[in-house]
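The two complexes that follow have subunit A in common; it is paired with subunit B in the first and with subunit C in the second.
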Partner chain A sequence: MTAASMSVQALVGRFATDTPFELPVIDYRLLMPILIILGAGVVSVVIEAFAPRRARRPLQLILVLGSLVAAFIAVVGLAGTQTTTAAGSIAVDGPALVMQGAILVIALLGGLLMAERMVDPSGDAFAPRASALPGSDDERQFAARGYLQTEVWPLFLFAVGGMLLFPASNDLLIMFVALEVMSLPLYLLAGLARRRRLLSQEAAMKYFLLGAFSSAFFLYGAALIYGYAGSVDLPVIAAQLSGKPSESAIVLIGLGMLLVGLLFKIGAVPFHQWTPDVYQGAPTAVTGFMAATVKIAAFGALFRVLYVAFGGMRWDWAPMMWIVAILTMLIGSIIAITQTDIKRMLAYSSIAQAGFILVGLIAASPAGLAGAMFYLIAYGFTTIGAFAVITMVRDGNGEATHLSKWAGLGKKSPLVATLFSVFMLSLAGIPLTSGFIGKFSVFTAAIEAGAGWLVIVAVVASLIAAFFYVRVIVLMFFSEPNDQTATVAIPSVFTTIALAAAATITIVLGIVPQPLIELLANADVFVR
Partner chain B sequence: MNTFPWLTALGVLPLVGSIIVALLPKSRPSLAKQLALLIALATLGLTIAMALQFDGGSAEPFQFTESYSWIPAFGISYSVGVDGIGLVLVALAATLVPVVILAGWNDVEGDSSKGSGSVKGYFALILVLETLMIGVFSATDLFLFYVFFEAMLIPVYFMIGRFGGPQRAYAAVKFLLYSLVGGLLMLAALIGLYVVSANLTGTGTFDYLSLVGLDIDPMTQRLLFAGFFIAFAIKAPLWPFHTWLPDAAAQSKPGTAVLLIGVLDKVGTFGMIRYCLPIFPAASVWYAPVIIAMALIGIFYGAFVALSQQDMKRLFAYSSMSHFGFIALGIFVFTTIGESGSVVYMVAHGLSTAALFLTAGFLMQRRGGSSMLGDYSGVNKAAPVLAGFFLFAALSSLALPGLVSFVGEFMVLLGAFQRYMFVGALATLGIVITAAYVLRVYQKSMTGPLASGLEGMADLKGREIAALVPIALLTLVLGVFPAPILNVINPAVNQLMTTIGATDPPTTLTTSTSAEGTLQ
Partner chain C sequence: MINAGAVVWAEGAPVLQEVMPATGVFSLIWLLIALPLFGAAVLLLGGRHTNKWGPYLGVLTVFGSAVIAVLMLLGLMARGAEERSIGQSLFTWVFAGRFEVNMAFQLDQLSLVFVLLITIVGTLIHIYSLGYMSHDPDKRKFFGYLNLFVGAMLLLVLANNYLLLYVGWEGVGLASYLLIGFWQIKPTAAAAAKKAFIINRVGDVGLSIAIMVIFVTFGSVTFSDVFGQAGSANEGTLTAIGLLLLLAAAGKSAQFPLQAWLLDAMEGPTPVSALIHAATMVTAGVYLIARSNAIYDRAVWAATAVVVVGLITIFMGAIIGSAKDDIKKSLAGSTMSQIGYMIMAVGLGPIGYVFAIFHLLTHGVFKAGLFLGAGSVMHGMKDQVNMRRYGALRAAMVVTFVTFMAGYLAIIGIPPFSGFWSKDEIIHAAFERSPIIGGLAILAAGITGFYMTRMVAMTFFGKARWEDDVHPHESPAVMTIPLIILAIGSTFLGMALLFWGNIETWLEPVVGFATAKSPISTTTTIALSLAFVIVGAVIGWISYARREVPIVAPRGSWLTRAARQDLYGDAVNESLVVRPSFLLSRVLIWFDSRVVDGIVNGSAAIVGGSSGRLRRYQSGFARSYALSMVGGAVFVLLALVLVRLS
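Right, the complex of A and B next:
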């Protein structure tokens, strides 16, 4: 105890006095996953600039898929590490590595979806030239010439790099940098849709403006916390808080502002307004990728901030998070019922799911963290699978996202409809799917932590949510197909692999979850 | 032979069968049916072989047990085993499946809109359902039970929703949503129980026998009991959780309705005996007056509504609701004879439901699928064999002495009298209404002048008779000589009474009855 406070004083002293600047020791091996992806991002920009048009796509694909696999291997190689590097500003510990691994695998599936060029007869899902104004002559010309761009790949890689850093940041400033590295490419990706470009650009604009706004909140919160603790280092903040039991308003306001920034990214009520528009407007492959991975990365950061830095203030933030979690679960589930567009429905569903994961956060225990990580992984694969199906369900105007066009799909394409049903059942939390084990882990942890009432609300919300998930299944299987019914485009090997992998993981994690549970149980402690 | 995994084998056989049936080419619908029947008969054979090995005098709570670790992190294991109650219900399921397959031989082909692909689909679903039914009655791990309990929804949902009547989608969704609501409440209670077990013993578990011994405080018991009980009351269904049943029954194929009401709904009452009573004894006693009231309301409500129904399938559904009232009554009076009676009643009701729905199904098939009572009269002139079986089914439903339903009903009423004279007396009045509506159906449809449109109506064919005869024989044999199932059930019931600490009230009524003799 005294040793810890001594070292804290030493640290604080370093900021206060004019000691000479020390170069931080950086262990590059520990940062390898992040470096591989960001390095690949830089190479990707170079390819975009210098490689001949024909060579770009194969080069980019090899680079993207290769770097994701390499980074995943690097993450696996670091398994069991529990330390910090770069002067304590980046944590390499169980939760960080688990979330990085999950993000990389899901990003791999997301990348496969973005690489798809078979389902849309006019090429791929992305605008031939993002800079051409929608409806302009330029745009028509580019479309007529059949231009296909590969500019999504550098953006994609930088976004993944930011996501890898986000849950590993052990310092509020690094966390902010990670937040921006992750978000800026995503804003752009959201605006790149080939079809319904105005909707897509509107989505990008909204996402950018609101995202920038929430980032500012985060930064201001970090500044206030620094004002209190004299450091942006999460463990130092924790030590400072435990040293001075009397709370200061500045800490509460600062924490509240940090939470605004983080809750915005996970799409929790009342910071959820962007979700439906962005999910609907963004190209579906991007939506799937983003919905799954951003949630993992942002929850990783949220957990780290609340557990490591503000663990001692649990009784201050828990009531606030109770309210947020309850509102998120109920509002997400209830509004989803009224949706007629499948992408908007899944957007509200993702809001509700964020609420369920918050239940694990409120448990404030290693079990809660492990449960939430299981939930995030389960949710990630299920979500990307569901969006993969949406990319394939089309009519003459591109993707048929209106629910009425899904009527009778089960009769026209039983296999695809069945896969989609599996994803819906998993999101609804039905046994033998990964979603069930996720809900079970999270709810158990919450009850153990004495949040029984919250779990009762969560169960009620699950019931409401089950209604709209099941409704899609009903629509697909129990309506007769009509001339409005969409058709399922035959995808290339890319989407097929992504879809098969997502479905397999959803079912396998539902039936034999033990290996992953054990893995998570060994990785449920943050380095401090 | 004790090491042979009987119950797993019983569960796997229909599952493998269903996969093979589903993989058969669409062009061979008859092969699919024959194979499904063969598998169902093999399962029945295996069940009989297992039942013969059952030791009625064993001191072990469960027999044919198997246990393998599944998700050790949550104390979940694949554990199966049966006591006497589980065994008779497994046997009931194994008996009714081949009967339903045989009776529903041509039920699906009539739907030209579906194409021949769905023929094998229907029979594959029945076999999957058989696996799940065997699983749900033999699970001794609560999580495993829950998985089977919920998984059963899927095949039934598709059996109603794909192969039912015009309103099938509505009925299937209503069924699914009701069941999901119950299932999720049970899930919440299940997690609560896990946490309680973790608090009391240090490690959370779902193992049934470990949970039974727990000393849970009364308030917690009441909450958890409610979660389980509502799920079971929806499944059974008891008043006021019953509104899905008439829709589901009316829109299903007769075979689906038999499995749904005859076996699946028994999971509800089975769950009350197996889980609610032993794990939450104090709460069971605390809730008993409410539940008995619900049961009584159900008995009368179901019977009165049945009295005014014009649609035969809905009528039988309401009548089942009335019967489920009797079963729940027998369970919650906490007397040995009442509990045993309830289990016998479950078997009896399974058999009489099968007889009623299948005979009515054969009848409706002969008139374009109409289930309206007004469309039929004088059938006994055109099809005497059909009318005969219908009468038998009707008498079995109203519990004619000499049939197994009488044994169950009589024991339940006796148990009720033992505990609360007034309740017993009231419930007995229910029998009168039952007789009224059952006989009204028979009189309206079978007697009188032959209805126009029924001239030249064919009598039952060999296959149809073959499906009905085993049920009729079982109803009759067990009615006259119920000892085989009582001997199996009674040790389990005695064990149950010890577990929940209930004793039979001293009474002079039982000493003079014949049923007491069979109870030893």
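Right, the complex of A and C next:
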């Protein structure tokens, strides 16, 4: 009560002495990666509006893949930068550039998966017309005419743009804008599945409602923090926290609300329930794309908020994050055991993985950040590879996601089953895969930071998790194919490239992780 | 003067050896590992094209490693004792901050004896498999997996740091898993593979936590750094590391309480049981503890725990071995028991390490011989494994019989066969620690006499109890020649290592050595253990060779019945681990989605394509999800406030 009234006084005082508005200086060169992607998004809308129907798909593909590559080159060109721009609201520093680079490469693979139209005989992964009611005559007509929904491409580009901005935002308002720019297109993309459209639309609806709910928490938290610190700038918040006593309940509540919004996006328990439904309902290519990239972007933002703005309050948030991490690892791993749908299983697995990455966050050290970034990159490539395999395993009704249909797949398609096994082993953290190095670096960082018990829980959880990853391998290789066993569709060059790249990176990062580890060790400090 | 007890262990402890650069033949250390891995890659990736010559390539790669290993033995013997530890670093594997791990190998007296065992016994078993697996359509894959195993096992024993050892550790686990489940048509084989994998993961958790604790304590995971600083760490930390490593060893070496997988692992082809589940992989736990001697020498409680685990397993294995009618499972029980001896011996400290490794080597040879002998019997008996269906086979398969008898005399410890020398040294050392431990070890030797005699009597003596269409015959030469070589090893290896090879002086620089000053003399130990063995053997002979062996197993005493059920190892695992975790999972699911009666139903509806039903399930979900988000937000806020208040 007293605390609240105190800060209201502070607020009033600040308004009275407000400085005149200054035009911020914006260094466009530093924002180039984001600008390329958002600019390409705008061009993409124009293409949708004016290009003839037949030309749209090739034009969009060239634009999307070209802009992703260009943005990646721009990120590489900025390597080593450690500064802020746009009046300190956007950070261009090591962690931001690493996350942006990872998001762009994974988005490239995701884009390739979304461009695939060989595996499904009736077209690509998306509904021919989103406006047609599921099961209606309209829908059948559009499908029969071979319509393709090229609107997915502008949505995809805007989502990637938001993702690039999210981990780079050095200001709670920009972060909120980035969050929404990233999320809104994803809600739509999740609802565009060609098959099982009801499931897909319900997933999108649910994702949207809960996502909006969590955004509201985030925004409210940002407002409260502004009320306390008089600024939404993360470094200013940190300065305010160290400058004056932070007893005020408003800080705690504000921080809590911010965390609700961010923990929702990474899918941590108890904000995880949307994950299985959305992962299952969304078109698999989209699931793979967002499972990998949203996690990277959201962890980037979470790290930045907790390290830059609230690093001084570590002893306040660390115990709570301990509990969240433990719950996330254990609940994700344990529930995954009884899943019978492979997409739901991977959804719970992604929840558990988020818990492991939180272990690195709790270390609250550069090593923890570097370890978590390695983990995110490893997880991102492995995950998109795993979902790429799922797009190819099909039966008469589209993708065969029920686990029973994977029995004996190793006999029918040994190469695809082997690739999937590599991804599963990496997610389980078996040595000589990227997942092992990721787990190892995160856990060592946490032990060094004195979180030994947390690591013991984490290792036990990874033991439980290994069970269900290996179960899929056993199912594929150690049972005989039957008439229920799915077949593997022969994909076009798009999926082939994505799958090959994901598998190569998963193995290479397990055997020679050194270059990436060194790169991350040079990029483990946030600009303040 | 060395007194009994643990306090003086430091006296026998080794001084850290200086690591020499890899020159001459030693620059080929990497090739030891690379050869079998190359074979595995060609066989597994080459596809059907390699069907014809693949198995021979598999044999050749392991043989090549064996030749290099022998050359290295000669090279090491030519050097002075202080120049026998050789390091080779390939490249930096992980380097972050002060954390550095190299892809680097260390060849010393300890790893070399393992390399010799793995490559030589491995070569013999590869050759034997040419005959044993000749009719199998997946022969190429089998040799690929075997090569993968040999490569991983060599990596395990040649690694110069714990992390690389862990890679080999997981690698042998993977190969073992693939090979146990090799005949995947049998559901029992697939189940056994899964069980082995899961139980081993429990042990692996111990190893991975141990490695992290080691890194945090010593700032390095390289053996030389860790052992060099072991004296500076406090005893509590060392005890924790020791117990975690023991957990790892128990998983890999099938020791109590993680023993249950080994009996099921016998579902794999017999050469696999011989190589992986008798001679090499299951002894990795002994290697791990012996290698970490600097830690155990300073952590008395951890070492005591090692002794206790070993002792319990000696008896569990012996009792199970006495009750099983399946010849391979009976041998598996015996393997558990014999590894129990080794584990107990490494727990004894510098008086035991050398003899544990000594017994490991002799056991590796004679147990491989026994398993291959059992495989030869099965080969001639249409894959029958039930000993109650054998009998009087000594005339039908003479070579198998004679070689099996060499293994038999070696394992029960009759002089001058090799097991006698190694087991007796262990028992003698055990007496120094405590007469109770020594007494128990001797008692178990008596049980060994019993169950091995039972096996031999039921298989080769008595009356023929064969099934009607079985015509036992001797195996082809490609199988009997490895048997003969292993039988020669079973007979002479003990004497060779002890008198000619001076195994104590050879290993002392690595693991340390102290002579045992037992309360009873060597002669008394020998006389006592021989007496027990002979009594056991006579009981076995009277019960199973003189008397008729019923074809249907009698009900037996409660102990026999318990032993037939693997002493309820499965039931214990089931009720302690499996059932609770499934229950927990169900409870969590119920909690997670209390609206529906389980995610499984939901998935079934999705697969059934019944979208109407599905919609009913899913609508309303969002509301309850939102509610739980509010609950989560309350939790987050409360947690923050409570922390602040406390």
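Please note the rule applied: the second predicted complex is superposed on the first by the 508 of 528 C-alpha atoms of A that agree within 3 Å, B and C clash if a C-alpha of one lies under 4 Å from a C-alpha of the other, contacts with A are read in each partner's own complex, and residues count from 1 in each chain.
Just so we're on the same page, a contact is a pair of C-beta atoms (placed from the backbone, for glycine too) under 8 Å apart; a residue touches a chain by one contact, two chains touch by 3 or more.
Not measured: the values here are computed from a predicted model.
Looking at the shared chain after the overlay, A:Thr338 reaches subunit C, while subunit B stays out of its contact range. With both complexes superposed, C is the one of subunit B and subunit C in contact with more subunit A residues. Judged by the touch definition given at the top, the superposed model places A:Pro24 against neither subunit B nor subunit C. Of the two partner chains placed by superposition, A:Gly80 touches none, neither subunit B nor subunit C.
By the touch criterion stated above, A:Ala466 is placed in contact with subunit B and with subunit C alike. With both structures placed on the common chain, the touch criterion links A:Pro58 to neither subunit B nor subunit C. Applying the stated touch rule to the two superposed structures, the overlap between the subunit B and subunit C interfaces on subunit A comprises residues 430-432, 437, 440, 443-444, 447-448, 452, 455-456, 459, 463, 466-467, 470-471, 474, 477-479, 513-514, 517-518, 521. Across the interface of their complex, subunit A is touched by residues 91-97, 99, 163, 166-167, 170-171, 174, 181, 184-185, 189-190, 193-194, 197-198, 201-202, 204-205, 208-209, 212-213, 215-216, 581-582, 584-586, 588-589, 592-593, 599-600, 603-604, 606-607, 609, 611, 614-615, 618-619, 621-622, 625-626, 628-629, 631-633, 635-637, 639-641, 643-644 of subunit C. Taken together, the subunit A residues at the contact with subunit C in this complex read 196, 198-199, 202, 205-206, 209-210, 213-214, 217, 249, 252-253, 255-257, 259-260, 263-264, 269-271, 273-274, 276-277, 280, 315-317, 319-320, 323-324, 331, 334-335, 337-341, 344, 367, 370, 397, 402, 430-432, 437, 440-441, 443-444, 447-448, 452, 455-456, 459-460, 463-464, 466-467, 470-471, 474, 477-480, 512-514, 517-518, 520-521.
Residue ranges of subunit B in contact with subunit A, taken from their complex: 70-74, 146-147, 150-151, 158, 161-162, 168-169, 172-173, 176-177, 180-181, 184-185, 187-188, 191-192, 194-195, 198, 204. Against subunit B, the residues of subunit A that register as touching in their complex are 429-432, 437, 440, 443-444, 447-448, 452, 455-456, 459, 462-463, 466-467, 470-471, 474, 477-479, 513-514, 517-518, 521.
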